[in-house]
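Have a look at these structures, which come just after this line.
In the two complexes that follow, chain A is the common piece, with chain B as its partner first and chain C second.
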Partner chain A sequence: MTAQTVQQGDLVTVIGLEVHVQLETDTKIFCGCSTEPTDEPNENVCPVCLGLPGALPVLNEGAVEAAVKIGKAIDADIPEETRFHRKNYYYPDLPKNFQITQYDEPICADGELEISVEGDRRTVAIERAHLEEDPGSLQHVGGGGGIDTAEYTLVDYNRAGTPLMEIVTAPDFRSPDEVRAFLAELEEVLEYLGVFDAERDGSLRIDANLSIIPEEEIDGDAEEIDGDALEAANRTEVKNISSHKGAQKALAYEETRQKNAIQRGRAVEQETRHWDESRGITVSMRSKEEEKDYRYFEEADLPPLQVSGWKAEIAIPELPRARRRRFQEEYGLSEEAASKLTSTKQVADFYEDVAGEFDPDLAATWVADNLLGELNYRDMEITEMEGRLEEVTRLVELVAEDEITAKNARETVLRSMLDDGASPDEIVEEEGLGKTDEDEVQQAVVEAIDENPGAVEDYESGDDGAINFLVGQVMQKTGGSADPGDVNQLLRAELEG
Partner chain B sequence: MSDDAVSPEEVRHVAELARVGLEDDEVDQFTRQFADILEYFETLDEVPEVDREADLVNVMRPDEERDSLDSEEALRNAPETEDGYFKGPNVS
Partner chain C sequence: MSDANIFITEKSIEGDGDGPLAGTTVAVKDNISTEGVRTTCGSEMLEDYVPPYDATVVSSLKEAGATVVGKTNMDEFGMGTTTETSAFGATDNPAAPGHVPGGSSGGSAAAVAAGEADVALGSDTGGSIRCPAAFCGVVGIKPTYGLVSRYGLVAYGNSLEQIGPFANTVEDAAELLDVIAGSDERDATTRDAGDETDYADAATGDVDGLSIGVPTELLEGADEGVVETFWDAIADLEDRGAEYHEVSLPSVEHAVEAYYVIAMSEASSNLARFDGVRYGNSGGYEGNWNEAFSRAREEGFGDEVKRRILLGTYALSAGYHDKYYKKAQDARAWVKQDFDEALSEADVLASPTMPVPPFELGESLEDPLQMYLADANTVPVNLADLPAISVPAGETDGLPVGLQLIGPAFGERRLIRAASALA
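Coming up: the complex of A and B.
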């Protein structure tokens, strides 16, 4: 882009992503080593993932299945034939000096994902998604631990060979917020498919290309951009992003940095930049290789794949967006409630269990507000409640059948279940929260009237507020377990009668 | 194949990609050797066409764990190790 001074309002941000996700398989993509994290380095390694001479890769069927599921979920084409290539570069995280990846025939092409940003729906085009192997991990030791200043490098190949899917979007994002919404939606979809674990360290890694172009290069509908204009603008590739929040921050920083440069009449360099999470800035990285330097060539040790037919054979579950819409229609939920209840597959499945037995609104309050609220407060996930969800269902039953008050259920029973691990029935018994039976309440009503002639007189002379005092007296006698509305009616009946 | 099949600049570039440092006289030497090596490949043009193995497709293994090397064995060929890691120079 020619350096020129322009107004901030004339500029539009254009972002495209390369998202690397680790696939949840039991073993690595080309060998039978476990993908489970270990305490010690170089425990899950073998001749294949160490790149020892003569070792041959054999493709993991589970990784291909996961890739086909992702392809279905993003509505991509699975081509008739797809194959692997070697990407050559010399760096110790790759023991073979090449990475097995896919080049011009990826397993998924032309997909899309719909996102919502502040209520607006947008469709992001996904150009391709391909399978590849993860490199090993390096530690830069000594000299302050910086990559430039370290004295030496320690290498652990446990991660080398973990299956990755690299998902490449079109330059369809216009803001860091849209990127964040996309990543959140993508993670939800991948978790629904059961091919991804967001909790796992390093399971999501993002490279983002960002350019700033003049607004007039954008067509009327603000979605389509002129390819030449994008080509003409210099872009930076921001690497080392590992979360939604990180992506939003890194890209907001980069957007401002480039806009400032343009406004001051300086050119934006076409370069690779590294997101430094702890300092909250991007820094220029020396990058020596260009695409042709990777000298891609076909991986002769892996025969081609013909798995387009798997698309029809492999089933995928209902995806979050569809489920959200169905929850609104089927259970009459608000968009907000439906969105909370579909945030993970476990939450949505649990909600449907509860809503199947009790009133869907009551179920929504209990799962979305009470349970998720209390879990969130304790920094817990619903997955940690595995095996105890029946107890939560039982608690909802106690409320639905009017055995305990909603307030006691929420504030005493649920909290104690989470903090002390007791069952709802135990807690109700121990705390004496069971709703008092009618005779007892009636008894308390009579007593309250006998003991408080002043209040009775006030009520009879037209002071309706006096009834509240009497309700309070009855509640006290019953230890808070009576229903205040019932008590009110019983008192009026007694006084009028 | 002519002598300029490979230029000294290309040799320097390939050496850079492979992180190999070459002196000027070595660049000249490798330029000549690369040209020679490429010439050997021309011999393949004389090989008659032969049938090859039937094309394989979809060679896969089930997602089942197999024994890994124990880490002592894995590190056995490494020139230097530290606490179970392979150890190498700074690689910035």
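Coming up: the complex of A and C.
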């Protein structure tokens, strides 16, 4: 472990995560309702996801397929057979007052994900990842908006039955920065797999357990935590985190709060705390959570599913880490450029399209620096360019074939493409940016001078006849289309300047 | 209509066209969902609940041209053996007035016995079709788990129960089974065994060479008159060419305990959704939502339902789960194994359906344990997921006695052939 994690003298931070990810499927996990977000409450519902008496769940194999993809990506064990259990608890957002989830036979077990934090590589163990159904959502009205104080509460079942994957890590994190790096990497992987839409509200929900342990209670390397020491320490569970940036802020706050308490000799309560994003603090959940007994038992309405063959049958795309390495080798890119170009699957796919047609370096400059830079400046995502990437390719082509200057392409054409929605050819035409014959002649002049240092030397030492040789060279380059008198003048101007 | 209190809701639902059940009237147990017609499960909690969809079996009835005549009385959520736990009052037994019709599908059996419907649908979690068939002197079939879709059947013990037919003859019951059997994409536990199978044409009454195993454990402790009537029926089958021998099912002594632990555990979860938000009395309570849920459940459920939910919750709780729920699952596996063995030595197994003749109305409500023990011969079949049929075997002291035949999984044709020798 690096020195930075054992900061503040002798206290070590230990964090484990439970990450809930909404899987991107067309229909819900146990019925045929659409998962498409909608503003109309209770629109995408049916007897099954409303939990009406007599309705039965039928497993959407698309959700299982997505789960198997995740399992492959995190190198998890996928069992021969997977099954579902009921988790029994009462809550107003739960249509049946039980949640169909997985218990002792999750679809994925013992996986891992590699992350890098400031150049250090670490492997985070993922204990399990299982499928379950999302509950509905509640809207508390009046009385401060809490469930216990609201005047009334509205229930929307549109979300009920959306497939969720709950990913549970080992307590392997030693800092909020590592958590952030992990979540960013996880999001990237999920997005590459095509099973996740980060843009969707509530698609990522994180609960984190954080404990502070005195260093001396840890055996040797801080990476290996003694289970007893962890058990002995009071931990807080921080809920309501919804992004990797939020996770880092929430946990940094919680880490400081606990360390301050310990250093002032106060005990850290074992409790559940709520991350208040707008205030940037964690708040103790007033009603002390009792130890819950979920009375898990098998869901007899869903027969066990044989998944032994699925791992071999389901293919997953090249993942970000592997692609990053390949980009460095295959296209000779720097690590930084390769990272930028693999940040999302769309970016990487687009880069490979462009690099296939033009020089990979030129393609890298255009995709990583120019396009992403201008998009970032406008707070846009590459997904918003869907359908217009051909235009960007055309712009790179104009530059590659020397039809416009790189400066004009970047500063005028690309910006106007993004701001006004025009096509590159329209903009070039309108702004008169196309290189003229004069530009071509001027370029030939520069080249002729570069390529014939002998003649240049003769000219400079007073041999005026040498200019005729250079004029001949330019005439050759321009295919005889230039006016020899003009060329003569241009050459003299260039050589004198 | 008689004053036997057979129906909770009388409502005619016409089927389409001229299918195999055109002209046939069907009574449907009130825990089977009917679009636009309230489905109460015999509970105050669902007094006003009108499903927005049809159970798969109801769609099948309509397609087959049947006319549904009403929704029949039942023990609340199927929890009872007499139909007396219904929030809508008890049903009288048309075959033995002053006595219970059995339960929990008492209204459906009574409808057929009283001629209020040609045939009826019930559901059987631990004997709820066979018991009332026996008590009302009609035929009832509990199909193999997975033969008939449960989509739209309000769940009590969902790993145990099946929808099945009642009729005056085995052939009529088999005809109704033909209509409702078969795989359903809305019920993942259904199998395709019933898709192409013809049940009605198996009702030939031919029992020549049939080997009948009689599990001695299922005769122990039974009423003398019931046992006598049972043996008379076996003798009748022997006269027609069947032979019988005794077999043993040692595990069934644990079956009642195992059954109740499993059924109550599942019930505690299945009935959790009835919390006053969308069903029963909601709102108007002081206190938090948790207290409001408790109040709604306290008011909406009857005593027997509350008893089973509490016991089921207990059996699944941390610290008791292994002692009760897990042990019951082990016993279930053992019962299955015993049946497999017994059925490897016989074509069908036979027993009295109920160890006792029908109780007098009001007689049994006092003692739930006596009630639970009356299920001793029917619950093992549900634990083993097997098919069984109850046919009238005769009478004792003027009260109907049923004969139960049990077959191998998806062996309904064999049961129908054997039982059709008697009714």
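Just so it is clear, the second predicted complex is superposed on the first by the 415 of 497 C-alpha atoms of A that agree within 3 Å, B and C clash if a C-alpha of one lies under 4 Å from a C-alpha of the other, contacts with A are read in each partner's own complex, and residues count from 1 in each chain.
One rule holds in what follows: a residue touches a chain if its C-beta (ideal position, glycine included) is under 8 Å from a C-beta of that chain, and two chains touch if they have at least 3 such contacts.
Everything numeric here is computed off the predicted structure, so don't read it as measured data.
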item	value
Chain A as common anchor, with chain B and chain C clashing or fitting	clash
Partner chain in contact with A:Leu138 - chain B first, chain C second, else both or neither	first
When both partners are placed on the shared chain, which of chain B and chain C touches more of chain A	B
First, second, both or neither for A:Val58, with chain B first and chain C second	both
Partner chain(s) touched by A:Pro303 [first = chain B, second = chain C, both, neither]	both
Which superposed partner A:Asp293 touches (first chain B, second chain C, both, neither)	both
Chain B versus chain C as contact partner of A:Asp148, first or second or both or neither	both
First (chain B), second (chain C), both or neither touched by A:Pro47	both
First, second, both or neither for A:Arg86, with chain B first and chain C second	second
First (chain B), second (chain C), both or neither touched by A:Phe98	second
Touching both chain B and chain C, residues of chain A	47, 58-59, 88, 90, 92, 147-148, 153, 155, 293, 302-303
Of all residues in chain C, those that touch chain A in their complex	31-33, 39, 41, 46, 49, 51-53, 55, 150-155, 158-159, 185-189, 265-266, 268-269, 272-273, 275, 277, 279, 288-290, 293, 313, 316-318, 321, 325
In the complex, chain A residues that touch chain B	25-27, 31-34, 40-47, 50, 58-64, 81, 88-92, 138-140, 143, 147-148, 150-157, 288-289, 293, 302-307
Residues on chain B engaged by chain A in the complex (per definition of touch)	13, 16-19, 55-69, 71, 74-75, 82-92
Complex interface listing, chain A residues touching chain C	47, 51-59, 86, 88, 90, 92, 95-98, 147-148, 153, 155, 293, 295-298, 300-303
